[in-house]
Amino acid sequence: MNDLPVLSVLIAIPLVGAILTAFLPAGMARLVGLGFAGAALLWAAAAALSSYTLDGGMQLTETHAWIEALGVHYALGLDGLGLLMVLLTTVLVPIVLVASWHEADEAGNGGSRSFVAWVLALEAMSLAVFTATDVFLFYVVFEATLIPAYFLIGGFGRSGRGRAATKFLIYQLAGGLVMLASVIGLYVVSANQGNPSFLLSDLAALDIDPVTQRWLFLGFFIAFAIKAPMFPVHTWLADTTEKATTGTSVLLVCVLDKIGTFGMLRFCLGLLPDASQWATPFVVVLALISIVYGALVAIGQDDILRLIGLTSLSHFGFIVLGIFVFSSQGIAGSILYMVNHGIGTAALFLVAGYLVRRRGTASIRAMAGGAETVAPVLAGTLLIAGLAAAGLPGLSPFVSEMLVIIAAFDHAWWAGAVAVTAIVLAAIYVLWLYQRTMTGPKVDVAGPATGVPSGATAVPSGPTAVSSGATPVAMRDLDAREIGTLAPLLLALVLFGLAPMPLLDVINPHVTDVMSDVGVTDAPPTVTGSVSSQGGHP
Amino acid sequence: MELYTPVLALALLAALFAVGSVIMSAAVGPKRYNRARLDSYECGIDPTPQPVGGGRFPVKYYITAMLFIVFDIEIIFLYPWAVHFDAMKLFGLVEMVIFIATLFVAYAYVWRRGGLEWD
Amino acid sequence: MTSQLTTLATAVAAEDGRLSVFGQDPWWLILIKAVVIFIVLVLLTLFNIWLERRVVARMQHRIGPNVNGPFGLLQSLADGVKLALKEDLIPKAADKVVFLIAPVLAVVPAFVTFAVIPFGPEVGLPFTDRTTPLQLTDMPVAVLFVMAIASIGIYGIVLGGWSSGSTYSLLGGLRSSAQMISYEVAMGLALVAVFLYAGSMSTSEIVAAQNPGQDYWFNVVPVPTWYAVILFPSFLVYVIAMVGETNRAPFDLPEAEGELVGGFHTEYSSLKFALFFLAEYINMATVSALATTLFLGGWHAPWPISFFWEGADSGYWPVLWFFAKMFVFIFFFIWLRGSLPRLRYDQFMAFGWKWLIPGSLVWIVLVASIRLVTLEGGVDRTYMYAAAGIMLALVVLLFFIGDGEGASDTDRGLATTDGEHDLAGDGVAADDFAGGFPTPPMPTGGAVRGAAAPLTFADRTSRTVAGSAADSTTTRSDEEK
Amino acid sequence: MTEFVKPVVDYFELAPLLVVFGVACVGVMIEAFAPRAVRYLAQVVLSLVGLVAALVFVVLIAQDAPVHGKGAARGILALGGTIAVDGPTLFLWGLVLLLAIAGLLLFAERHLDGGVSAFAAQAAALPGSDAEREASKQGLDHTEVYPLMMFAVFGMLLFPAANDLLTMFVGLEVLSLPLYLLSGLARRRRLLSQEAALKYFLLGAFSSGFFLYGVALVYGYAGSMDFVAIGEAVRNDAANRSLLLVGMGLLTVGLLFKVGAVPFHAWTPDVYQGAPTPVTAFMAAGTKVAAFGAILRLFYVAFGSDRWSWQPMMWVVAILTMVVGAVLAVTQTDVKRLLAYSSVAHTGFILTGVLGVQATSDLAAGEISALQAVLFYLATYGFATLGAFAVVGLVRDAGGEVTSLDRWAGLGKESPIVAGVFAFFLLAMAGIPLTSGFVGKLAVFSVALAAGAWPVVVVAVLASAIAAYLYIKVIRTMYFDDPIGDGPTVVYPSVLTATTIAVGAAATLVLGVIPGPLLDLAGLAGQFVR
Amino acid sequence: MTQYVVLSAILFTIGCVGVLTRRNAIVVFMCIELMLNACNLALVAFAKQHGNLDGQIAAFFVMVVAAAEVVIGLAIIMTIFRTRRSASVDDASLLKY
């Protein structure tokens, strides 16, 4: 393996981009930013293809002492999970940049320059999170992601974003601090065992007495549960997605929140397996609640962006469920799910964003349908993305969802049963959403259609109107730029739906690693029949 | 302790005498009420009213008191030093010179800033 | 520093042994001694008053009191009786309790200070076989004790002035306390040299230290051993300070009749007044006695008596020598009063603070160095030079300051707000009349007391005098800060 | 008569102290003799030179600090054991001197208030009187503040170095008295300032009374003022312990007052708000460093072997301090008060580190020690606070500084740089990663946890969450709220203040990203000499 | 010895209570001085008990410090007094939140 610090470079690229764009004029900033994002994508892809091998374990590792006094290292490494996350991030960022090409400039926003800069900063930090193999480093970047996110939410989007941003930050910081306690706890344990260190590899070698393990687990789990919103601590999510620009939402939900589940896999399971198993029932219940609750609330939503936010609450429920049933299938499914959800929800958010911009409102009732005749492409994409979210066979989320549900059934019949209901609910909210927004009498002009059924009900949706100055563009179909942003996502959805094997090839070795960490052994993850029937196995 | 008991005796004696004479003066002397006589003396004209607890007085006295404290403390240090100078010889001398020099700093400051002026 | 002081203090503690002769008296002896001292002091006072009046009268070509008793010796007693029969007034503005306590506070310390004054050596008591020193008691810190007790007396004066509720009294009390403390510093510094040489603070030992086995030049002229001679500057400072300390002419500003009527005891009458009077004269006696003890060899017979008569220092004779020396000082007091005019307050304070104190500080250093040289014949020169250098610096600095006073001091920038203060400020050291002698500066606004309006009584010069001192000082000091 | 032993005066080791003190005296002489025109310049230059010289000396001493006795301690006991010049002392000396230099620059700042310093034209002139107007018209100001500050610095140097109770007491007073005066010398809002001085003085004197009685009792217990001797006495558990415990308690009261720990924090907000901002900055940073140095030495050297009797007390105090500080800070509407309360909270965090002491035998190789952690935290806190207050001094309007929070709204739009720097300092205080505050928190928490004080750590985490909310609130006010009415203007400072702020920010950032060197330095400081 | 310590404790307590209850800044200040002197008493008593003189030396220093405190304290109090014509600590109430 070449001694080029691949991952450092990978992180450095967007970071440099961020710093650079911060000082460029707005027009250039956008292009330069996009350039850097693309570069990062290429670099990541190149790294993945050239120097990443499919035989599990940490690869491309770099380790440099950082703070001897605390046994802190600057240590990076890439495993299957990390690779997927990195790829997902690097893919999504350019798309987001393109998607919100103009949004940032609208009055009342911080201007595209800072938008691009913050986005790139966020990308850099997230990449660091996904590749960090030192708990301290992980924590540092984990918290560092919050700052760009904070300014992205607070600086761009609809009125009331300030509060949303603060709420978001408070939640995350609180979680982070709780986690800090656990991180320190790990350090102390390692110190007591004679080798104070934050290195993941060292920590994994520790044998921690169960009680301590449970406390530490609690710390980590709370933090990650807040990050990947789970039932009791999810409330920040909907507000944020509602107020922020869709671009931001994509990054938040599809990248940042993955850190939560990512962390669960890497730290809860990786470092504290016993405690994880001890906590399983509790977590599983929470996950199930999230699944059902998210779906149910989503159905009732009037604000489309809120709705999508809540659907991903339900989806994260699935992911967590898959993780904590401790079976290869489950974990594999979860990881797969993380990728698919990333892609699918991103698409959904983007489409919704376009729709909202056209309608000038995010209130479904105010839109009063009738879009599909005017903008068939938009309608189509919305439908596909939506159905993907609902787990329609043939689209990639289906595979992962199936894996998770089957694993859940293996774990406990009731878990599976509850999980299954979510599919039905998902179908409901997706289709109903489509029906209410797209079908119906043709609407030609922009803005809330004349003759809205019960116009009075449209009034409460006032506050959710697009931020100041964004006069809704006339109701027309997606233009090239927008299609360009959606196409790759939809493509991926279909592709991985039909042939998930490449992903699984990356995932499985990692899964076996995890399983060995956890100490649970079962059959190596076979792709379930339904998948193979899709011709997964050549 | 018994070095101090005689002092006590003398003090007692003196106190007896003093208190006695205060009482006596009250007892022996005549009592002729006269409003003017009970006024505080200001060359025969009506006294200017005094605020309760004595009037305010020049800050100058305060500064003097301040200086006094400083120098008195210095003396406290000088006495034992002087008594045992023979034991400390040169070291004692140098130390005390430094001490006095330090004190002179404050002293010079006060002097130059007119702390010692009465006008 | 700490460890250095430690050894000092241990040494102090160790001294108790050397005062073994004291604290042996039975209670009745103590009582007798106390009573004797008490009576002696009272009589002394009466005598001093008479003496003063006679001497001053003689200096002014008058006769003085000569009616009551032989040479009018009973005059002061008569005055005392008269005072006792006077009406006892308590002004209604006065703070009753304090007003009554003040004279007691003034008198008691005056008496107490005499407890440590040695009148003579150890003598045999008649009718008994026990011997006892002619001194009520002594302690390792006797002189410090004197200073301490004496300063308690100041409370009497301040409180007396304050509690009278009259402006004159207040200012008088303040003035006297201010000058007392000022000169107490000088006095204290003057004593340092004595302790340095005597190596003790106990009066009896200081006396002893001043009279070693007397030896003579050519068997006739005594080698000077009195500190008055070998520590002459200290002696000088002490004498000046003691006059200031006792509020005597020419330093009797507190009762400067011209400005303050009677000073702090303006409001006092009858025996309470008498008490203050008593206190003042006893203090006079005390400081004289102290001077005798510290500088004139105490009760030892002066040369040539000591030369011709061996027994002069034994038995009860020393009491004679002691009082003889003491009366020299008392006469000196009277003499001063008879001959010198009163100083102006600012001159007086300036003299105390700007000359006596720094002077005696420098002198202390000098003495210490000399002592050092004498102690160890050949000292390491370099240190000597260092000490001398610093000392020299101090002296130079001192005079520099003194001159800088008259020269244009930048800080007068403050006083430029009113040129008059400018003059007065600089004038003090430079030339004493710049301030407009003898009339003090006119009021420059600002309150004397409380929120009282600036004093504008055209017809009451005496008020404005008292007031103006206050006014100008207040405003001035404000500017200085 | 006992023979007099001449104490050894280790002039080289004491050079920093002597230099600073000498400079202070010379400063007074300048006040006395130099013409008014040249004073300002002379004072500033002199003080600066003095501080730098002292710093140089500290470095030199640190170069060849001998290994003391056996073990980790390096340094000597100077002046017959009254002053310990050892690793921690040197570290703290360096820190105090650096902070003092930065503070001095703030003192010297004359650009902000139209060519005059932040100090009263004439402290003695009544506020609003003609004399005052006259004075300020002449553009007078009190150059005495520089000697005063030097004396305070001298105290700050002496305090943590003191190796016996008496010296410590003297240091405490020398440190406090000038500060009492300084905090009463504000040019604007003089009533507030004087009031602050009064409160600070009364409470300060009160607490020093407690400290002194504690000294008396501990002396009564151990029969010596010397820490080492006291440590011995405590170890072999000499006379009745009640004396020891009461005395220890009283000493603690005195010291905790100085660092402003609950329940002795009442003075902090008032004084911080009332005092002139430069003084507040200097005081907030320097006093805390010095006082914690003293606390460390007292409790580790003298009472170290009796940990079990004071650690619980520290637990309670730390918890109270963090919670009260954080909660009350949230309710504040005045920036200076807010920072004051946050400094109270920080006191709590530092205490968390203090009580994390363990016997060296319990420490794993390369594990961070409590001393190390606290020293590091002090450094981070000092710079962040100094910088933050320096920034506060920049936001002004016609009436002087604007400290009410709601008027800071929209500052981020008006002058992004200043607001950004301030936000950065706040983030550091909140302990966001990549700022010094984070590493500091991590260090103290880990030592506390290692010492088994997990409840304290849990509370500390919660408290930091509350505090974080507070700081974010401020940041939001500056960035996302719209300015109401006539917002304050940011006066662009002269190079002096700019330098201070820059230094503070740089330190905060560097210590956040590469804390290694400083941590190692703190570790290198080793143990106290015993 | 103990009685001296007890006495000093009593004095200290009196001073402490005085500080907490009295309202006049000067009186408060005097109470503080009382506390300091109580400390002196205790120090000297203990010095006697232990037969070494650290305590007495400490008393010296305490005197000095007390003097310095007096000087500064009176200066501050006087400034306030001249400003608002009252030495009551209750009147000093500008600083509140």
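We just call them A, B, C, D and E in the order they show up, numbering each chain from 1.
The working rule: a contact is a pair of C-beta atoms (placed from the backbone, for glycine too) under 8 Å apart; a residue touches a chain by one contact, two chains touch by 3 or more.
Chain by chain, the UniProt names read as follows: A = NADH-quinone oxidoreductase subunit M; B = NADH-quinone oxidoreductase subunit A; C = NADH-quinone oxidoreductase subunit H; D = NADH-quinone oxidoreductase subunit N; E = NADH-quinone oxidoreductase subunit K.
Only a predicted model underlies this, so the values are computations on that prediction, with no experimental measurement involved.
Participant: Moving step by step between touching chains, how few steps can get you from subunit A to subunit E?
Facilitator: 2
Participant: Quick check: which two chains are joined by the most contacting C-beta pairs?
Facilitator: B-C
Participant: Find me the chain with the mean Cα position closest to the mean of all the protein Cα atoms on display.
Facilitator: So the chain nearest the centre of the shown protein is D.
Participant: Taking CA centroids for every chain, report which one is farthest away from subunit A.
Facilitator: C
Participant: What whole-number Å value describes the gap between the mean CA coordinates of subunit A and subunit D?
Facilitator: Those two chain centres are 45 Å apart.
Participant: Roughly how many whole angstrom separate the Cα centroids of subunit A and subunit C?
Facilitator: 92
Participant: As a quick test, compute the distance in whole Å between the mean CA positions of subunit B and subunit C.
Facilitator: Centres of subunit B and subunit C (C-alpha means) sit 11 Å apart.
Participant: Centroid from C-alpha atoms only, then distance subunit B to subunit D, rounded to Å. What do you get?
Facilitator: It comes to 40 Å between the two C-alpha centres.
Participant: What residues in subunit A touch two or more of the other chains?
Facilitator: none
Participant: Can you list the residues of subunit D that touch 2 or more other chains?
Facilitator: 1, 3-4, 6, 33, 123-124, 166, 225, in rising order.
Participant: Two or more other chains in contact with one residue: find those residues in subunit E.
Facilitator: Counting only residues that touch two or more other chains, subunit E contributes 52, 54, 57, 60.
Participant: Within the complex, which stretch of subunit E touches subunit D?
Facilitator: Interface residues on the subunit E side: 5, 8, 12, 15-16, 19, 25, 28-29, 32, 35-36, 38-39, 42-43, 45-46, 49-50, 52, 54-55, 57-58, 61-62, 65, 68-69, 72-73, 75-77, 79-80, 82-84, 89, 92, 94-95, 97.
Participant: Can you check the complex and tell me which residues of subunit D touch subunit A?
Facilitator: Listed in rising order, the residues of subunit D that touch subunit A are 364-368, 372, 427, 430-434, 438-439, 441-443, 445-446, 449-450, 457-458, 461-462, 464-465, 468-469, 472-473, 476, 479-481, 514-516, 519-520, 522-523.
Participant: Note which residues of subunit D are touching subunit E in the complex, please.
Facilitator: Its residues touching subunit E are 123-124, 126-127, 165-166, 169-170, 173, 177, 180-181, 184, 190-192, 194-199, 201-202, 205-206, 208-210, 212-213, 215-217, 219-220, 223-225, 269-270, 273-274, 331-334, 337.
Participant: Under the touch definition given earlier, write down the residues of subunit E that touch subunit B in their complex.
Facilitator: 60, 63-64, 67, 70-71, 74, 78
Participant: Within their complex, state which residues of subunit B touch subunit C.
Facilitator: That would be residues 2-7, 9-11, 13-15, 17-19, 21-22, 24-26, 28-32, 37-43, 45, 47-48, 50-51, 53-61, 63-65, 67-68, 71-72, 75, 78-97, 100-101, 103-104, 107-108, 111-119 of subunit B.
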